[in-house]
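Here come two complexes built around chain A, the first alongside chain B, the second alongside chain C.
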Partner chain A sequence: MLCVAFGYVDPILGIPRPVWNPLQWDGGAFSFVLDGLFSRGGSFQRVFLRTIAYVFVAIALSLAIAYPVAYYVARFGGRWKGLLLAGLVAPFFISYLMRMLAWINLLQDEGWVNTALRRVGLVDQPVNWLDGRASSVVIGLVYGYVPFMILPLYAFLDRIDAALIEAARDLGASPFQAFRMVTLPLSIPAILSGVVIIALPMFGDYYTPDLLSGSPNTSMIGNQINLYIRGGQQVPVGAALVIVLMAFLTLLMSWYLVATARAQRALEVPE
Partner chain B sequence: MSRLRHWLENPWGTPRWLRLTTIVYLVWSIVPLLIAIRFSFNEGRSRSTAQGWSTRWYWGTPGSVWEDPDLLGSLRQSLKLAFIAVVVTVPLGAALALGVTRWRSRAAGAARTVSLIPLITPEIVMGVSLLLVFANLLTFIPFGTPAQAIGHITFSITFVMIIVRGRLLSIGAEIEQAAQDLGATPLQAVRMALLPMLVPALIASAIMVFAISMDDFVVSAFLSSGSGTDTVPVRIYSNARGAPTPALNALASLTLAITLVIAVVAFALWQVARRRGGQSGTGVEELAA
Partner chain C sequence: MTWHPRERYGRREFLGRTAVGALALSGAGGLLSACGGNDTSGKSTTLQLARPDKPVTLSLFDDNPAIASGLEPEQGPLRIYNWVDYVDKPTIKKWAKQYGVSFEITTFATMDEAIAKISSGAASFDLFFPTPDRLERMVLAKQLQPLNLDYIPNLQNVWASLQDPFYDKGSQYTVPYTTYTTGIGYRADKVAKRPDEYANPYDIFFDTANKGKTWLLDDGREAPSAMLLKNGITDLNTEKAEDIELAKKELLAMIGAVNVKVSTEDYTKLPEGSAHVHQAWSGSMVAAPYYLPKGTGPEVLGYWFPTDGAGPIGSDTMGVLKGAKNPVLAHLLIDHLLSEAGALSNFAFVGYQPPLTALSAQRLVDEEYIPKNLASAVVRESDFDNGFQELELSPDGQKLWQNAWAEFKAGI
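== the complex of A and B ==
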């Protein structure tokens, strides 16, 4: 049984190897990437910074949506809880691409978003939503990944003892103060894990910008990787980009581990 | 305006703005899909304006899902891969979970850590890595269905492992030991004592693997050998920005319906299995947690 099991894990372990060897033989691709990344105005630098900016904005928006929703369902769900949870889980069973397709339908020149905006009088001309707009890409990212953030937040907020919040209220805190001084500090580990859970796939995303914009002006690091790997001749460049991305994500993960440990410690030692 | 603010700031009971946010979120997350499904029943060719109702994009006319070999083929490929993934991954993942949970040594801890790596790896890294492995190392495995199936198994096995391991930890090792004390061989102990208790976890894993496999885009796209082995998400990706007809919406809606039906049936099975196993609590909550 274990042999079968370990035979299986092995391909995962072996993954870096075929990427590594060609690089050690020939550092050209790697230095090309590093050059594009660190020299002033290099092509990869722009893409990388753009990716970070998109992901950052998308995460901030996701958090602004996910936290209130998770908080409401966890604390005030009541008898609707089952139904609300089904609504939160449903996107997991719906293909990400299908959900992007739905937005393509809506955002077309003659689509319902433009019709609605024109009827309200916000715009006179139909907006080209699908033509290289950063806002469309960010909306797509938020729409695509918010469910993945809500569930861990919910699971955590649901476990917070309501007695703690009531105690804070009894001691004279307003609802907002009770939230700020009790619930929020308690939920920092959950917020961190929610952020990491959606940050990782967002950094590797290339289909959202492809589908909702398709323009090189909004291409993310994933688009570059896809381009080089699938494009044929420059596979090593793509592989080098993957390594750079992984190095960056490893940094992100270590930050997450340190931050979580610190948050836990802060909770364990009350002042 | 001030009346609205007053209403939102309801000082007693549920803060209303929270309820409002939640309702708006749920509407926002579901309505675009309903609209996409509605366009799949369009009489006309448009996917952005309502033009009557018909099922012509599902079957009956040239270019409908049923008549277009590309669209139907992608649906068949998706279902095939999901089926293979479930059949192979669930037993394999359960065995892996059993191994790393019951086997006490430092290597078990290392194996556990390694098997969690796919969870924190972005799909594109997974896709590129698998592509390079199959292109350079394991050249005897052809691209297309074999490579795609192995790819799906590789990333979904982690989820099976997490679910089954969680259940194994809550069962504890005593049951197997008791069975062995009563004269069962180790294999019999697993088969007759442990396995029945694992059934709910196995069903939950099967739902997960099926959903993940149907949803996967990146790995299927990287390991595809041409349009013959494109899955539904790959088909949506490559057709969406061209000049698609509502048939694409019909394909997506059909896939959604199949996935939901299978998930609901499996979910019902899961609850029956749980009740039989004597576990209480409502299902959704535990699945969410």
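== the complex of A and C ==
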């Protein structure tokens, strides 16, 4: 990817030509990208900030949904755990594309969501969910990736020794206090894992904004990458955007590794 | 970069393109030198950028001759490389029976993908469907072989102006396949005013009465071109920074006015009601009635294109790839698709109109290939006299257009 970003495009066929020798690299594409990122009002800047906002909100919502679901299945699922997990995961054997297309049907003017809202009297007229609003894109991101947060959370919560929670209760902690002081700290590594697992693909997502919105005002950085990579004379700009995104995600991953290590150390019992 | 009506991109395309972009090899190794002058034979190896007022005779090369006349058809299978759903399989099957051959259709989603695959030599195809704006480049790269028109007598069925087009004088490498216009599709039952009821029809895109239901084609040339025409600029291949900047500003203003959205699913968004106004290709409007909900007739759809033909217009072509293993069969199929029977049969599925003199606008409507209320979607030969074609740009021009489009796509 670096060699494409610092390379050029065949002027006849429009095919990117990577340059393998660093001494011959052309930094024009990177300059263009960095200018768009750091200059006032730069187009890459507003898309990047929008992407970060969407992903963070989607992660928060995913966690708010995934944690209670995983907790319930792990602590109270009993002999129905397998079935409950299968029920949660089964829809996601269908491709991401098909599931997003299904959301379009649900959210259309005469779709099931509007039908339900009108039946219960919450709205008189159909809501135009597909009019290019950010909430539709965020809901799509949450729906698309929430099972990838449920599964690691469930796996970790299921392994928490029940005796620890029992001990907390025996020492006078209320159920909420036991959760706050025992279960939640123990599940921090799982939360961090789930966040990383869904954050990485969310940052690169371009299909969800296209399908559920189509408005330029909801485009994410993946859409800009797709635009430049698709063809034309500026494929290196697309490659440079990919590299910048990778660098940003590497920073997040570094934070994740440090945070996980700290959380693990905090949980270790001193000898 | 000029996009094509059949480019309906998807996730797989993005992942594949990233791999292609990173791994594209030097299948066109010496071509950089072809950018800058003539080869030793004196033939032009520079891009001439064909225009209606600057017709181009494409170079012929000694090491890339046409096939000889009078050859017997090969055994097949004939390998066709085409856009998704852009040729009717039953039409080809019926033709193939006469020669006792089989055929395979491989599809691509974008012309960039197709050319990258052809350049890599990863697969061998016989018949290809290039767009005129990529033709010159493919010829310089010797990826297309010259046609032997002895095998294609049905070329005479084609509109005279496209038998000898400006982008390929003498039809040396290609013959026409389909034609299309770009206009304004709309739901006649939803909009308060039709495009022709505005002082400037393109103002419909800014009408706040259609807020949230206004769409443009997700195309970095088509959408800005509409804004150029809105402002009376008819050179849709302009490389003037101020023209492109004007188009960009109009598009950004449209976001603020109506929260405009972009898609290439004009043929479904209008019928399903997601769009009340959608910049649209004529072929999509011909196909759109098939996507209407049950019980909804085609009269709810409308298509506006300037009555004098002074709007965006385009055509696609057919050609035979160099190295084709079945060039005679490829020629024969081209000839069949230019016959009246073959063209009509294919058109019934594809929706994009073949430029045959026998297929008049009246006939297509009378025989119900196109509903009466969508008669404006029929392309007439005279539309090419007054229409404006989006053609190849220089590398710098491409960058200007692409950057403007990217800024629009970034939102406000």
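To be clear about the criterion, the second predicted complex is superposed on the first by the 241 of 271 C-alpha atoms of A that agree within 3 Å, B and C clash if a C-alpha of one lies under 4 Å from a C-alpha of the other, contacts with A are read in each partner's own complex, and residues count from 1 in each chain.
To be clear about the criterion, a contact is a pair of C-beta atoms (placed from the backbone, for glycine too) under 8 Å apart; a residue touches a chain by one contact, two chains touch by 3 or more.
Please read all numbers here as calculations on a predicted model, not as lab measurements.
Set against each other, chain B and chain C differ in how many residues of chain A they touch, and the higher count belongs to B.
When the shared chain is aligned, chain C comes close enough to touch A:L227, but chain B does not.
Judged by the touch definition given at the top, the superposed model places A:F44 against chain C, while chain B stays out of reach. When the shared chain is aligned, chain B comes close enough to touch A:P175, but chain C does not. When the two complexes are overlaid on their common chain A, residue A:N217 makes contact with chain C while staying clear of chain B. Shared-chain residue A:V244: touches no atom of chain B or chain C.
In the overlay built on the shared chain, the residue A:I139 is in contact with neither chain B nor chain C. When the shared chain is aligned, chain B and chain C each come close enough to touch A:Q108. When both complexes are overlaid on chain A, the residue A:D131 reaches chain C alone and has no touch with chain B.
When both complexes are overlaid on chain A, the residue A:I94 reaches chain B alone and has no touch with chain C.
Common to the chain B and chain C interfaces on chain A are residues 1, 4, 9, 11-18, 96-97, 108-110, 130, 206-207, 210, 214, 226, 229-230, 235, 238-239, 242. Chain B makes touch with chain A in their complex at residues 11, 14-15, 17-19, 21-22, 25-26, 28-30, 32-33, 35-36, 39, 46-49, 92, 95-96, 98-100, 103, 111, 114-115, 117-118, 120-125, 128-133, 135-138, 150, 153-154, 157, 211, 214-215, 217-218, 222, 232-233, 236-237, 240-241, 248-249, 252, 255-256, 259-260, 263, 282, 284-285, 287-289.
Partner chain B is touched in their complex by these residues of chain A: 1-2, 4-6, 8-9, 11-19, 65, 68-69, 71-73, 76, 81-82, 84-106, 108-112, 130, 143, 146-147, 151, 154-155, 158, 175, 200-201, 203-207, 210-211, 214, 222, 225-226, 229-230, 235, 238-239, 242, 245-246, 249, 253.
If you check the complex, the residues on chain A that touch chain C are 1, 3-4, 9-18, 43-44, 46-47, 50, 96-97, 108-110, 128, 130-132, 206-207, 210, 213-219, 223-224, 226-235, 238-239, 242.
Taken in their complex, chain C has these residues touching chain A: 1, 9-11, 13-14, 17-18, 20-22, 24, 26-28, 31-32, 34-35, 47, 110-112, 115-116, 119, 137-138, 140-141, 211-213, 215, 218, 220, 255, 259-263, 272-274, 395, 398-399, 402-403, 405-412.
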